[in-house]
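The letters A, B, C and D name the chains in turn, as written, and every chain counts its residues from 1.
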Amino acid sequence: MLESLRAEVLEANLELVRRGLVVYTFGNASAVSREQGLCVIKPSGVPYEKMTPADMVITDLHGKIIEGTLRPSSDLATHVALYRAFPTIGGVVHTHSRHATAWAQAQREIPCFGTTHADYFHGPIPLTPALTRDEIEGEYEANTGTAIIRRMEGLDPLACPACLVAGHAPFCWGKTVTDAAHMAVIVEEIAAMAWQTVTINPNAAAIAEPLRDKHHFRKHGPDAYYGQK
Amino acid sequence: MLESLRAEVLEANLELVRRGLVVYTFGNASAVSREQGLCVIKPSGVPYEKMTPADMVITDLHGKIIEGTLRPSSDLATHVALYRAFPTIGGVVHTHSRHATAWAQAQREIPCFGTTHADYFHGPIPLTPALTRDEIEGEYEANTGTAIIRRMEGLDPLACPACLVAGHAPFCWGKTVTDAAHMAVIVEEIAAMAWQTVTINPNAAAIAEPLRDKHHFRKHGPDAYYGQK
Amino acid sequence: MLESLRAEVLEANLELVRRGLVVYTFGNASAVSREQGLCVIKPSGVPYEKMTPADMVITDLHGKIIEGTLRPSSDLATHVALYRAFPTIGGVVHTHSRHATAWAQAQREIPCFGTTHADYFHGPIPLTPALTRDEIEGEYEANTGTAIIRRMEGLDPLACPACLVAGHAPFCWGKTVTDAAHMAVIVEEIAAMAWQTVTINPNAAAIAEPLRDKHHFRKHGPDAYYGQK
Amino acid sequence: MLESLRAEVLEANLELVRRGLVVYTFGNASAVSREQGLCVIKPSGVPYEKMTPADMVITDLHGKIIEGTLRPSSDLATHVALYRAFPTIGGVVHTHSRHATAWAQAQREIPCFGTTHADYFHGPIPLTPALTRDEIEGEYEANTGTAIIRRMEGLDPLACPACLVAGHAPFCWGKTVTDAAHMAVIVEEIAAMAWQTVTINPNAAAIAEPLRDKHHFRKHGPDAYYGQK
């Protein structure tokens, strides 16, 4: 069932390892099959070096396990909440990558300091408010999804493909899980640059809108001219 | 004698090398056999690449050498003090890993800035006071252990599996030496994130208690649901 | 056509990968054949691991494609502007390398804090002003070149072989594309050192002119005595 | 001539490469034969990957070439000045390693913030004053040596085995060139930790003298008990 999607989800998880975004069993990646209304997600707490496509867990979009003998990632409810809310996305990646997590812990959104950022995000990388006690003690992982979705109101998820959860870490997404893992790497790089930017110049400001728009739309949308046709 | 524990201690020491936590002969890991009341510890100042299980030194829990031709790690007296004081632990690891050591040198405990930290520690990573002249000039390594043990009063060593020694570096522990080495890697990652957090936002605050508790207890204790059963 | 130059351009691009200056398809290197008035440049958005010399795109010095089936780097117009303005250079490299980009984002030129810097630059690494809305919405990449050229007025491009573009990233150059890639690595190292310098001492000052001159001219110009004859 | 010393000098130079302390042809290591009054030093500007023992240059202790077809390192005059002044040392290493160079550029000595530092230095890592115009425009490299020697007055070179040159970078030494290269790695690690220490706590203070003495003398001198006999 969903053989190729299982393989792609595994591969996206392994990309996080290769790029140094995860320590031990940190991190999780999933994909959605829109046709079948199913989510394919990494199992919880299994060492990456032993993971096979058969270890991926298949659930419906409310997190009910459909196939798989292992427990799914403990963040499953966040993943499926994002799939339900953002119909254009096909993959979600969550990491505690060092630099992006530092911004989440500092409880600051990442300003659009440069064109590297604008190439991927049409504005800052947003930050949720801290979850309330009720949200934490209730359906925590689902409520994390809700906090992200609320923060993303009015934003196009493909023009703003990540959100920091306050005091926690980033969630990233994309059209596919491969894109979502790619985005997790980019978010980490943007976060690293932004950290150094504010330590060099604590008053550093976001770039002007025309420069942000220029870079964003030369890579995205109908007038894009970056890359091959 | 204690063949498999020797091998596990060596392996934990080598994990420190693989993860970039030690330079040259820095660092030491040990395990305890509670049944036999013996400690197995790395020899002092021997290059990691040449170390074999047979080089491990076996001592009693007061640091008296029982088996081994090499000198034990010079921090032996700290290790055995911890074993005597914390009956639930089975391994101790000491490193001068870069980020954690910087916090020890800055003489600040590491606040619980995020869920990565809360996943492992139910509160800040504590810091001992500076040792007094008498403690330093007396049984220094044993007194280092005493300083840690005193600072840990009222804390469960398995819910707070590391302590920074002021002006020195971290000591980490766990149920096994494998867990202790794992913890040394995690502490280094937490310290790196916390460093970046305070440079992004000097007023960064610890996360609220409900979030700390949620993350800690989803991985630890009777209601844990992270990982496989 | 231009077989050996194609190979050298590919190799310079791969040097950026080996040295960790580029993430995914970031970055681009080009060379100029002054005899033939042609530019050889990396294609846009093609993965480095699949790139061959035949994928390089050949254009004239106004960016018109002469040979090649792939789209050239989207920054082509900046490259050819630099070749037209600086007749002594033979290669251009553009990266979003982490440390140098942080300075561009902080919108600060990099002061000549030490001899490592002076070995390569006879003064600070300059920074362009931010481009105006008209410059951005017009021929953006060509205008980026113009901004660099204007900033470089009065400077010898071989004594100041890089310029930061405000809110964007560095452009580097040299007598050959191999030298330009080498310079991109050096600029990244200088930027990293300078970042740490200002975080250790926010009032750090540039070194005195005699020291700057001594180091610069022991490696460059008629009295150089560094390296082999 | 001096076959084994040539090999040891080459190996020390390569250790700098393996440990990430040098970029391209940066850095240089030398050894002295006290019996023969000769210095063996790396050639200037030769790529490390092509270097052989036969490429090492042999000079007398005033820098006169005795054997070798290549130019010696341009810093030769600093090396031989140190050999003449410090009779107990057998090797000198100069790098522009990132973290140590940042301190030299920030023109701050490195305080003894912790036991990692005290294990190797019995006090701060000193910093020379900036060289005067006359010193720079005269015999620059020899005067760099003189500045270090003057700064080291009253210090035992083996209890203080490195010095930062203001606006430049560290020089390190030891009983052998192997020890000097080892020290260059340690100095870089100490500098990195100290940088992070001051960014975590700008008011961080040196450790108390008893702790400094304890760590220093448990590794050095007649009462040392670190390592194997």
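To be clear about the criterion, a residue touches a chain if its C-beta (ideal position, glycine included) is under 8 Å from a C-beta of that chain, and two chains touch if they have at least 3 such contacts.
In this text, all values refer to a predicted model and were calculated from it rather than measured experimentally.
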**Report entry** Interchain contact steps from chain B to chain C (minimum; 1 if touching)
**Finding:** 2
Report summary line: Taking each chain's centre as the mean of its CA atoms, the one lying farthest from the centre of chain D is chain A
Query raised in the report: Do the two copies chain B and chain D share over half of their interface residue numbers, or under half; same or different?
Result: different
Report task. Mind checking the centre-to-centre distance between chain A and chain D? Centres are C-alpha means, answer in whole Å. Result -> 46
Query raised in the report: So, what's the distance in Å between the C-alpha centres of chain D and chain C?
Result: 32
Query raised in the report: Which residue numbers or ranges of chain B touch two or more of the other chains?
Result: 198-199
Query raised in the report: Which chain pairs here would you call touching?
Result: A-B, A-C, B-D, C-D
Requested in this report: Under the touch definition given earlier, write down the residues of chain B that touch chain A in their complex.
Outcome: 113-116, 182, 185-186, 189, 192-194, 196-201, 204, 207-208, 210-211, 214, 218, 225-229
Report task. Within their complex, state which residues of chain C touch chain A. Result -> 23-26, 43-46, 70-71, 74, 96, 98-99, 101-108, 130-131, 133, 136-137, 140, 167-169, 195, 198-199
